[in-house]
Every structure is written in structure tokens, then in C-alpha cells.
């Protein structure tokens, strides 16, 4: 049976929810105060799960120190202390909801982690609102 | 692949564990101090998970503000600052264990959330005891 | 300079806020849903602080294992899984607000801890509402 | 002896650290990534402490429901989902460090809480960085 | 549909990561400071999940008080305040990584919990590093 | 009025409680399982508080990024993934109780932080046991 190993990380960022094909009024009506044109922000908490077999020699599924560094380079350096809408090209076209940020993070990490491993990402936007991709 | 979005909420309530077909001694023997006839209580922490596709237009699976309101109307207004055994008709017949409260909450929300979405509920009775329905 | 040592504990209890000299309407007007005649309840989290000198021989200010047992006997055995209004004589006369429960706990522990030590008690009624006695 | 009662709240906001009398280079040198011109953001957690005597009739030092509403009107409505630098006049002149935001919150609440009570404010900018005003 | 009930527990232990077939240099190169020959340690947090049907008579899937005692006898008494490498025979041969400790705990509990129930174990080595066995 | 700024950090270490002037039996009698000759360990959580005036130019009392680095160099590099009794000279003579570790950390930081600032240190040995030096 497989084991899942998990690492928590975090980053701080500004964003606004915004559909560029909509008028300001439509954005405000759908997204409320989350669409404030001057942005607001969050301390995002991130959990990355990696599932696979335990390596008999090391006793590791995946070295969590290596995963910590991978999250640093691939995710934190891109998103920490950034304005997601303005500083991250991907979100110039895509609305930076927690769902879309979570998928974005998953896709970045998926490319860097060998296919033998199944991965998933949990993203807390606030202590009460969070998302997981892919779903169980 | 689907995404799960989650919302945390809470309510405070009194209850006692009690099987109405048993004698006081049988209740006390099975449930111990949890069957105190004068009740005890908890700060229940609740997590509601909704799984589905991301809507391309909004970037949401399900609007968590809408879910917050739904939990308020369907769950908190029914259970917060209540005595579960005395104030909630359902638990006049059913023992208000964490398991049964969790199923009750699930059933109330299931009726209000479209069938396209899969849902599940996690209920913390204490920081160390919690239940999930349906199980993964 | 002195050192403070602290121990966290918890207990679950039912209560209602209630002034016995008031009509039901007055109680309801002042205390709202906290005055539900059928009670509600909480997971109370408790922190006991003891301040004094480090004992050169043991390296302890106060043995936290001993404090754990003291809290068990003096506080948890009296309050855990109880209805504060009905099961605890002190609160048949005194309204069991977080403030009054905190003072009650302080007074019980104060009698059992030598006067060389200064003590204080923090009581969380919910994760968002808590009290401290005596104030700093 | 007095009792302290405390209430936790939170708000989400964007900000940048910025001294308007400095060049961009000076701001970047002093504040690093916290001075990103496009802003970043936080989930601010707030604790408001009120110290006074227990009212014999209510058993309260200060009604925490009333404090909850006061924080809502005075603080959350001003700061939640806002850009502190752009949307809050006070921070057009004053650098929105955690220290300065904490003093700002204290001053707003101080005007609304009777002088019989001593108050203090704790502000978490991240789970690892927080400030208190006034200091103990 | 099944329900999962969960219980949190904890134990403190010392360990070092170490492959006995490797030289000191190989161990140090693979495991870094986690291979300190004098050991380091952790507050391990443990979650045990049990999945099954709700018993109609008790309202329980599995009595969490019984599970608490089982974890005490089977896990805490074996691992709490121990040096995993020196005091626990199993880890004289097996590297005490979080993965291997989690499998060890699972196997001990699996023998004591009836086969009608599905179980899994989550082990936090630090607040940021944790593992689950079996994976979902 | 002064402001306090605070930074959380952590380190993992092994230790045993031990008075070198006592027999094994005396150590075991006083310290119980905490005196296991093969050591046990903890995830220590550390809070460093610095109190002073807000600098009008920066808006800081003390740059928390600078404090983070100071804790890294002075405390984490000395204590993280170490055996306190064997790897840290100070604790070859002094019993590494939470109280004594907290004083040790205070003294190291006190030398590196200007005398204009008042400092204090809180050390969590477990989530339920913690100490503060100097006491309020």
C-alpha cells in the first residue's frame, strides 16, 4: 500500500477577483468586496501531498527537504509578496480564485515531480476557506 | 479533474449521549460521563466540502460566500446555542453522537446543494475527536 | 528575574447565562441565545500560569506534571462533562460567565499553590472569546 | 483584582511598506519584497483586550457580543478587503507596518470604549509576526 | 455510506535517520542534520482514522474512548519519551523516518481493531511535515 | 507608549532531564520518563518579544526580518537537530528544563539586541507546556 507525504508552506499575496470580459458592475455584483479594484490580500497556506512507495534504502517516499526547496523555487519565488493579477502572467487572463491558483500550483509542481508519484495540492485562502486539487 | 472547495464554520451546543430504550444504568455504563443527565457541551467545528468542476466564467466551483450563508441558515440557526436532545426534534429519537450529528448535517445540506456536486461533512466534537461523512 | 511556567488543559461543560433575580424576559434581553433555558455548551480551554524562581536543584519553577495533576483533581473533576448551573454549587448563585468561571478556577488553585508563587488563569470559552484573571 | 476579556477578529487587506519621502531604491533597500509597488497582502488576525471589574449584575467585564460588533463597525468595515495604502486615508501619510496599523486600531477603539476600561490590541500580520500596543 | 471517526494523540521521542549499511559520511550526505549521531527529537502528533457503519444502538462507529485507550497502550506506552533507534526493537533494523513510524503504528493498531473497520494513520513529525498510511 | 513586536521560530532537539549530582534512581524519581538515559525530544516553538518605540522613519520597532536572521544564527544554528545535553556545552552542567533553555536563549539574544529594547522569550516544549522569561 502507498504512503502519502505532505509538506506545508505559505506565501503572502495581493489579488482581486475579476473577469476581464465583464463590466465593473458585473464584477462587483458577482465578486462583491473581493473585486475591490485596489486589491486585497491573503496569507496563503499551502499543503503539497506526494503519494508513492517507501524507498527501502532511505525509508523516504520523497525527501521532504527536497520538496521544501522545490516549493520555494517553483511556487514561493513566483507568488510570495506578489500581486497575482499584475505580477503573474498566468493570472492576467485567468481569474485568481483559490480554485485557479490551486490548479496553477499543481501544474507547476506536476512537471517537476516524477510520474511515479501521484500528487495533490491544498490551498488555504483564509483559515476558513480552502480548496483541493485534484479532489479525492 | 475535479476540485474540492471547503468552508469551516462552528456552533456551540449542549447534549448528552442517551439511548431512550435503556435504563439510566445502561446509559451510564455505555456512555460514562457523556451521559450526564444534566448535559454537557461542546464548541463544534464543522467543515463542509463540495466537489465539482471549476466554472470557466467565475473561476469558482461553488461560491464560498453562498456556502457560508447556507451553513448559517441550514445548520447554525438550527444548532447554535441549542440543547441538541431537547431543542432539535431529530435528536429526540436519535442519539446525538458526533456520527449522528454529522449525518444529520450532511442530509440537510445535501437537499440544498445541486446533485452535480459531491459533498462531505467533517465535524469536530473536540480538538481531538472528529468524524467524517461520507467516508472517503 | 522570575520565570512563568504554563500548562494548558481543557474541559467540556454545559451552561446558560442567567441572573436569578431577573425575569425570563430580562435574561433573554441581556444574554440573548446564551440564556437558552435548555442550556448550550463549550469546549473550555484553560491555561494556568505560575510565576516564581527557578529551583537550582531541579531546574523547575514548578513541576508541570504536578500542575497537570492539580488541574485534573481541582478543576477537571469538578467541571468536566458537567452542567455548570446545575452540577456546580458555586454557580447556583453566581452567573457562569467566562469571567466568573475564571475567577472560580483561580480561587480553587490559589489555595493549593504555595504563596511564593504568583498565579493567573486564562480561560477560552470559544477560540475567539477568552478571559484572564488577574489581569496583567 | 481586574479581569481582562479578549475577542479575536480578522480582516484581509493588501498593503506595501513605503516611505513617501524616499526614492524607490531606498524603499526597496529598507523594505525588500514588502515594498513591491504592486502590493501584497495578509490575513490579519486581531485580538482586542479590555481590562476592568466584573459587573456584579451581569457577570461581564464587557459584553463580548458588543465588542464583536464594535470591531465590525470600527475596524473590519474600514480595513477588510481594502488596500491599506490606497483605500485608508490615514495610511496615505503613514507607512502601514504592523506596528502602525496596531496603533491605528487602538486609537479607533479607544475613542469608543469608556475610560474606566484599559485596552490593548494584538495584531498578527502572519502566523509568525505579530505586534502588541500598548506593550505590557 | 460509511462514516470515519478520528482520534488525535501525541508522543515525544528522540531519533536519528540512519541506514546501518552506510558509512557515517553516506548517512550524513543523505540525511543531513537529521542524522546527528547524538539524536534530535520531535513532538509527534498522531491521527487514527477508523471507517465503518454507525451502530444503530450506540450511535457510534467505534467508541473514541476505547480508541484513546488503545492508542495509549499500543502506541504511547511503546513510543512516548523514548529513543526510537535505541529503545524500540523494530527501529534497530528499520530507519525511523516518519513514513516507517507511520507504517509501524498502523500495523500495531491493525491487529487490535476488527477487520470490519478500515483504518488509516496520519503522523505529524513537525507542524509542516506529515505522512499518511495507507494513502487515500 | 511602547509597542511589542514578536517573532515565532522553532527548532527540534533531543534532551533528558538530569541532575549530574544525583544517582540514576534519584533522577528517575524526580524526572520520571523525562530522564530516560537514551533521551527523548521535542519540537520547540519559540516566541521572541522586543519592546520599544516605533521609529518614525521606518514605522518599525525592530525589523522582524532582522530578528528572524538573528534567531537563525544565535539560536537555531546552536540548538536545531541537536542533543541539548551532549551537543550544547552550557547544558553539560545545567539541566535542560524548559525554564533553563528559555533563560539560555534570552541571554544569547540579550547580548545582540540594543539595550534600548526590552526583550522576553516564550518557549513551548509541547503544545500544552510552555515557559516565559522574564515573567511579566
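Labels for the chains are A, B, C, D, E and F, by order of writing; each one numbers its residues from 1.
The rule is short, and it goes like this: contacts are C-beta pairs under 8 Å (C-beta built on N, C-alpha and C of every residue); 3 or more make two chains touch, one makes a residue touch a chain.
Remember, predicted model here, so these are calculated numbers, not experimental data.
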Chain C and chain A - chains in contact with each: B, D
Fraction-based call for chain E against chain B, same above half, different below: different
Farthest-lying chain, centroid of Cα atoms versus that of chain D: E
Taking each chain's C-alpha mean as its centre, the one farthest from chain F: B
Which of C-F and E-F has more C-beta pairs touching across its chains: E-F
Chain centre separation (chain B, chain F; CA means) in Å: 41
Rounded Å distance between chain A and chain B, as computed from the means of their C-alpha atoms: 28
Chain centre separation (chain B, chain D; CA means) in Å: 34
Where chain D touches two or more other chains at once, by residue number: 127, 136
Interchain pairs in contact, sorted by label: A-B, A-D, A-E, B-C, B-E, C-D, C-F, D-F, E-F
Touching residues on chain F, where the partner in the complex is chain D: 1-9, 51, 54, 57-61, 64-65, 118, 136
Complex contact set, residues of chain F against chain C: 17, 19, 30, 32, 94-100, 102-103, 127-136
Of all residues in chain F, those that touch chain E in their complex: 10, 12-15, 33-34, 36, 38-43, 80-83, 86-87, 126-127
